[in-house]
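Listed after this line are the structures, all set down as structure tokens.
Two complexes are shown next, each including subunit A; its partner changes from subunit B in the first to subunit C in the second.
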Partner chain A sequence: MKDTRLWLAQNYGPLLAFIVFALMFYTFIARHPVGLTVPVATTAANKAVLLALIGMAQTVPVLTGGLDLSVGFMVVMTNTVASVIVVGSPLQTALGVIGVLAVGMTAGFINGAIVVYGRLQPIITTLATGAVYFGIALFIRPIPGGTVNYDFADFMTFTVFETIPTTLVLLLIVVVFIWIPFRRSTLGRGCYAAGSAEGAAYLSGVNIDRSKLAAYTMSGLLCAIAGLVLTFITGSGEASGPQGATFTLASIAAVVIGGTSLYGGTGTAIGSIFGAFILRTIDDLLFVFDLPPLWQPLFQGVVLLTAVSLGAFAVIRIRNRLDLFQ
Partner chain B sequence: MLARPVIFAGAAAALVAAAAVSPAHAQEVVSGPASVEQQCFTPFAEDTKFFKFPGKEPPYKIALANGFVGNTWRIQMIKTLKAYSEQPEVAPLIDELKIVSTGTDVSAQIAAIDNFINSGFDAILTIAVNPTAFGPVIRRAKRAGVVLVPFDNVLDTDEVLQVNQDQLEMGRIMGQWLEKHLSGSGKVLEVRGLQGNSVDRDRHLGFREVMDGKDYEIIEVVGNWDDGTAQKVVADAVAVHGQFDGMYVQGGSTGAVRALMDAGHPFIPVSGEGENGFRKLCSQHSGDGLKCSSAVQSPGLVAIAAKTALTALQGETLPQYVSVPIPLTEDPDWEPGVNYFPDLTDNFFAANAWPPCGVNITATEIMAKTEADQ
Partner chain C sequence: MAEASTKTPFWRMERVSKHYGGVIALDGVDFQCERGEIHAVLGENGAGKSTLIKIMAGVVQPTSGQMFLEGQPVTFPTPVAATDHGIVCIFQELSLMPDLSVADNICITSPPGRWGFIDHKAQKRRAEELLARVGCADVHPGELVKNLPLSRRQMVEIAKALGREPKLLILDEATSALTSADVEEVYKILARLREQNLSILYISHRMHEIEQLADNCSVFRNGRHVETFDKGTRTDDEIVQLMIGREYSQVYPPKPKHAVAPQPRLEVKNLSWEDSLHDVSLTVGKGEIVGIGGLDGQGQRELLLALFGVLRGTSGSIAIDGQPASIGSPGTAKSAKYRIALIPEDRKSEGLMLPMSVRDNISMASISSLTKGLVVDRAAEDQKIDEMVRKLSIKVGDLNDAVATLSGGNQQKVVIAKWLMTDANTILLNDPTRGIDVGTKQEIYQLLRDLADAGAAILYYTTDYDELIGCCDRVYILYDGRIIRELDGDDITEHNIVASSLNLPLEQREERAGQ
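For the complex of A and B:
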């Protein structure tokens, strides 16, 4: 009984995000003219998984008490890289995928190295590196284009056994084989420790530097996976500034809706996944409700504000804010 | 767990449906010209393909998957589409009109188009946020027999119907008009648009095609198609280069002319975009020497895109790439209430009639949509 209550208390944010998402998605499907068919689920999954990965990428630096403004641009950069090297024969495509992941990890590692060894604020560091990554993307693809391996892209944005969207399977793989092992590792726990009380963690012998480096590198890796998904969805690459900025802002929103504290130390990438799903379902609700087109941004904003506020209830309920840090 | 059988059932239904509809709805490449209204549906180039879709019985479900919303052009575009869909000869053809704006995220716009395809819409209009990213969704639209019509920001493909004005030609027209008024020599200010955009590139190239190699000194500044920016850069150019004999503004024409007036620069021939404010100034100061020509990339283009989609759905042959005639008004043809509107804001785009296409949406009809929305 006590364990259940503790688990509930610890996972309040993600749980709430899941319930809100489930309600919203149910509304979407209930009002949808054809209901939940495979194509409808696939369409929703493709764009939701893309944002979920970016939300996860943002979560890890946030847990350490930082913020990564370059996530959107790492996605855009890896998208342009993928549009050049994920081509040709199956072997070439596979090597291309590995290359894209390596590029993402390197970019994330550079962020981490500047934050840890350069001792600069994460926000300023990633604001600058984000511009650099966007510059590299522009250099690789001055004009949009490229033709990725079509069969592979089609498979990745379609379904497994004609029932489950492939991107959902990919997300599950990322959670089970990347996120959960990372969270349970010493490095992962170090990220939480660094975010909740850096001084105490340091005095307790946690290797803060290594954890932070790992956090930013992990963020880069997740961005690269998101970049690949974006490439599969669009079948091409584009160095788009607005796209990168949109992704970065959405990733922060996903993190907050998912119940992760922007002060660091508490939260989980699972919450951010549902945060991202909520953001995407807001767009879908526009589709099933006949709102006047010029009211749509207002509607999106109000729903978003409500969703973010729900996460804050956790803070309002407690008597003493110090409880949060125990 | 509960979702799974539903998905299975849905899959089966979708497969059956797909098998039943796809062959009947395939688009064919046929020989031209257009089977109706050839003066409206003019092909973009000589080698433009012609498409014929299998005819369907009206009324149709039509969608607009817009990207960015939030400048006056887009807002006027959306209002124009609503006004067009309610015109007496169009309304009976349309069962449902749905408009969604997805912002700058390309994956969201693709998903919006997919949503419309999945829900059985007959035609989808779109202003694409990226010219190359729509290959996969084009295939899905084709498979489902949906008529996809990108317009304004068109796609790098000849697989779908597209509707646009020839931007190169627009630059040329403006150059030719200026030449008529400058007679072969002089100092010309060229105010360009958003850098990196194909529209800016094409208008510039068209303009230079006419002007280069003659006795013109052309000064180039970048105004980003924005009144504020254009006003600033023109003021700077006047301060640095002194007097000009003519000016070509790609966009932000109201601001550009205001800058001349503020600097005490004498009135000169100006070729500009179709902003209402620009045309107001042109008609007001026509007698003082402000001679203007005004050609528009009009938000009304959406009406031609809708007309193209509706015509295709009725089984007519159409050019794959429809070149929409450029609405041009020249000094001294300013007529209040017809090609400019003294009572409307400066930001209103003042050309919304295409006589060759039988499309004429009055400013009052468009602005009436404002009232309905509020």
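For the complex of A and C:
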């Protein structure tokens, strides 16, 4: 009983995000001319899962008290890589997928290594490496193009058993086989500890460096998965700067809406998934209410502000004003 | 203790020193302690207690010297290395992670599980078992640490330390945040651990605790180990005598004799804030330098912050020049109505904008009074800044240099100049001479006396007892957020200050006066 109450109290951010998303999605389906059909669900899922993966990628560095501005560009870079190597026979395709994941993890590892061993601020480090990754993407795809194994891409962007969108299954697999084990590992624990009180974590003998390195590498891996999904959706590769930047900003928004503190230490990638779903559904709602899509940034901004305000209530309790600036 | 010299001591330090730049925190310390004993460590501020335990816990490295555990030489490059040898420290600043659950915190160092994955059920069981051991079965292991009251957090901290299977447990002021029921529980735990043949190092400023708990005591002074003795072989007064007796090196300006009590400027009645201040009442008169003493962390910092309008939710009343004052923010405090200044504790973070120029820093607090219309009157600003630089003889090449390029002493002068420029007549100082050179210290003492002679009321918190004796007309000693003693004139002696800081009675006073 007490366990349940505590669980609710400690997960109210992600829960709230889930409830808000459920209401929004219900409204969307209720207003939709054809209702909840498999094609409607699949289209919505494909777009939402892409953003959810990027949101998850952002969550892990944020939990350590950092930030990763390069997530969008890691997605773009892995997209261009995928448009070159995820082709050919099933074996070649499989090797290509592994190659893309390795590229993403390497990019994330480099971010982590600079932050941990170079002792540079995460924001400026990833701003710089993000530009480098975008440069590499441009080098691979100076103009949009390339291709992908279409059979595999079709499978990934349609449904399993002709009912459930494949990308949703992919997201579930990522949560169950990547996020939850990480959350339950000593490395994951170290990320939360470092974000909560780095000095205390050090005094407690937590290996902070290894945890941070793992956090950024994990971020790169999730970006690579997102890059693959993007490639399957578009069927080609494009080194798009605006898209990279939009992904990065949306990922931060998804993290915050999902109840993760930008100061680090609290939150979960599950929350970021619903944060991303909320951002996507705004778009769909504008569509079903026949509102101009140009209003989308305005609504996204309002939702983000509301989410941030909910987190700001704690400030009211602070008794020593100097603590406000720490 | 004769027995100890014949066998290998459990823990031994030989000629251990620690230098921070030119400051010597520990000076060739020989120290040892045994299994199955509770060993109290005593000393005033800056005696080297904290450095000693930081070295033992692997937080800082000694500059020279050797350490032996059961006769084997050991070095602790990291806190983990110390824990691996069974040396576990409960620090004064909590080493808990507020956003993690109680169970997560207790098991943070080596969580149960395998292949790097944590077994949550086992972790919860372990946490429950350890919490029960410290008599905190009411704390739920799933609760976040930040939602617990301070006293419970401290007990969780103790449970966490016990979970690391210590052979030598160090407690640094571990009971200062506890309720009396908890303290009893901690005593019982410590007595039990002693029976289990643990070695316990206990740092406390509560003499009655030491009398109740310790088997023997070591006294530190000026970074040196003065003496180790068995409990009961020294009286409180002898212990205080061991703790004091520093060389007096400073020269202070003479204190004026006040024929009549000065007119009060600042009157504080029953000021309370959270758990840090309890019914603090004090007066500072015009032309008076009033000191605040006591061991570090007894509410002195909070008292100054409360008077400067930084703390929310204070109770009690403050009057300036006999008029009730309501000081809601530093902006109000410095306004022409109240004219209060606070020289903060940490000049690098609270006193200065390090990358900004000396000029901008000096005029920072009085910039609004120098503004005409929308722009700053640069001529008037320059004139006042020049006046301040001359008055305080700040050594600065170019006023446009970043203040970070100045020496520590000159930086502190810039902070003081900034507040003098506001024409404040009530000046609060929070340990302003920490880490600055002797020459600048003496200039500051002289400056404070000059300001007082010109009619300012000065409230001066310092961790250096020497300064309380040399500079202050009256001294209030804080203990546990309360003023437990006021010392006046010739009663301001090192003996009285140290005894008061330990909450001991001043019964020796008449006897000494009679000598």
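Operating definition for what follows: the second predicted complex is superposed on the first by the 291 of 326 C-alpha atoms of A that agree within 3 Å, B and C clash if a C-alpha of one lies under 4 Å from a C-alpha of the other, contacts with A are read in each partner's own complex, and residues count from 1 in each chain.
As a convention for this text, contacts are C-beta pairs under 8 Å (C-beta built on N, C-alpha and C of every residue); 3 or more make two chains touch, one makes a residue touch a chain.
The structure displayed is predicted, hence computed values, not measured ones.
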Clash or fit (per the criteria above) of subunit B with subunit C on subunit A: fit
More subunit A residues in contact [subunit B versus subunit C]: B
Touching partner for A:D3 - first (subunit B), second (subunit C), both, neither: second
First, second, both or neither for A:I225, with subunit B first and subunit C second: neither
Subunit B versus subunit C as contact partner of A:L69, first or second or both or neither: neither
Which of subunit B and subunit C A:L50 touches, first, second, both or neither: first
Subunit A as apex of subunit B and subunit C, Cα-centre angle in degrees (nearest 10): 130
Touched partner set for A:A153, first subunit B, second subunit C, both or neither: first
Subunit B versus subunit C - smallest C-alpha distance in the overlay, whole Å: 29
Contacting residues of subunit C [partner subunit A, same complex]: 57, 59, 78-80, 83, 91, 94-101, 104-105, 108-109, 111, 113, 116-118, 120, 140, 142-144, 160, 273-274, 302, 305, 310-313, 329, 350
Touching residues on subunit B, where the partner in the complex is subunit A: 3-4, 6-8, 10-11, 13-15, 66, 68-70, 75, 78, 98-108, 110-112, 114-115, 117-120, 129-136, 156, 373
Of all residues in subunit A, those that touch subunit C in their complex: 2-3, 6-7, 10, 181, 184-187, 189, 192-193, 195-197, 199-206, 261, 265-266, 318-322
Complex interface listing, subunit A residues touching subunit B: 32-44, 46-47, 50-51, 144-147, 153-154, 157, 162-164, 230, 233-236, 238, 240, 242-243, 245-247, 250, 280, 283-284, 286-287, 290, 292-297
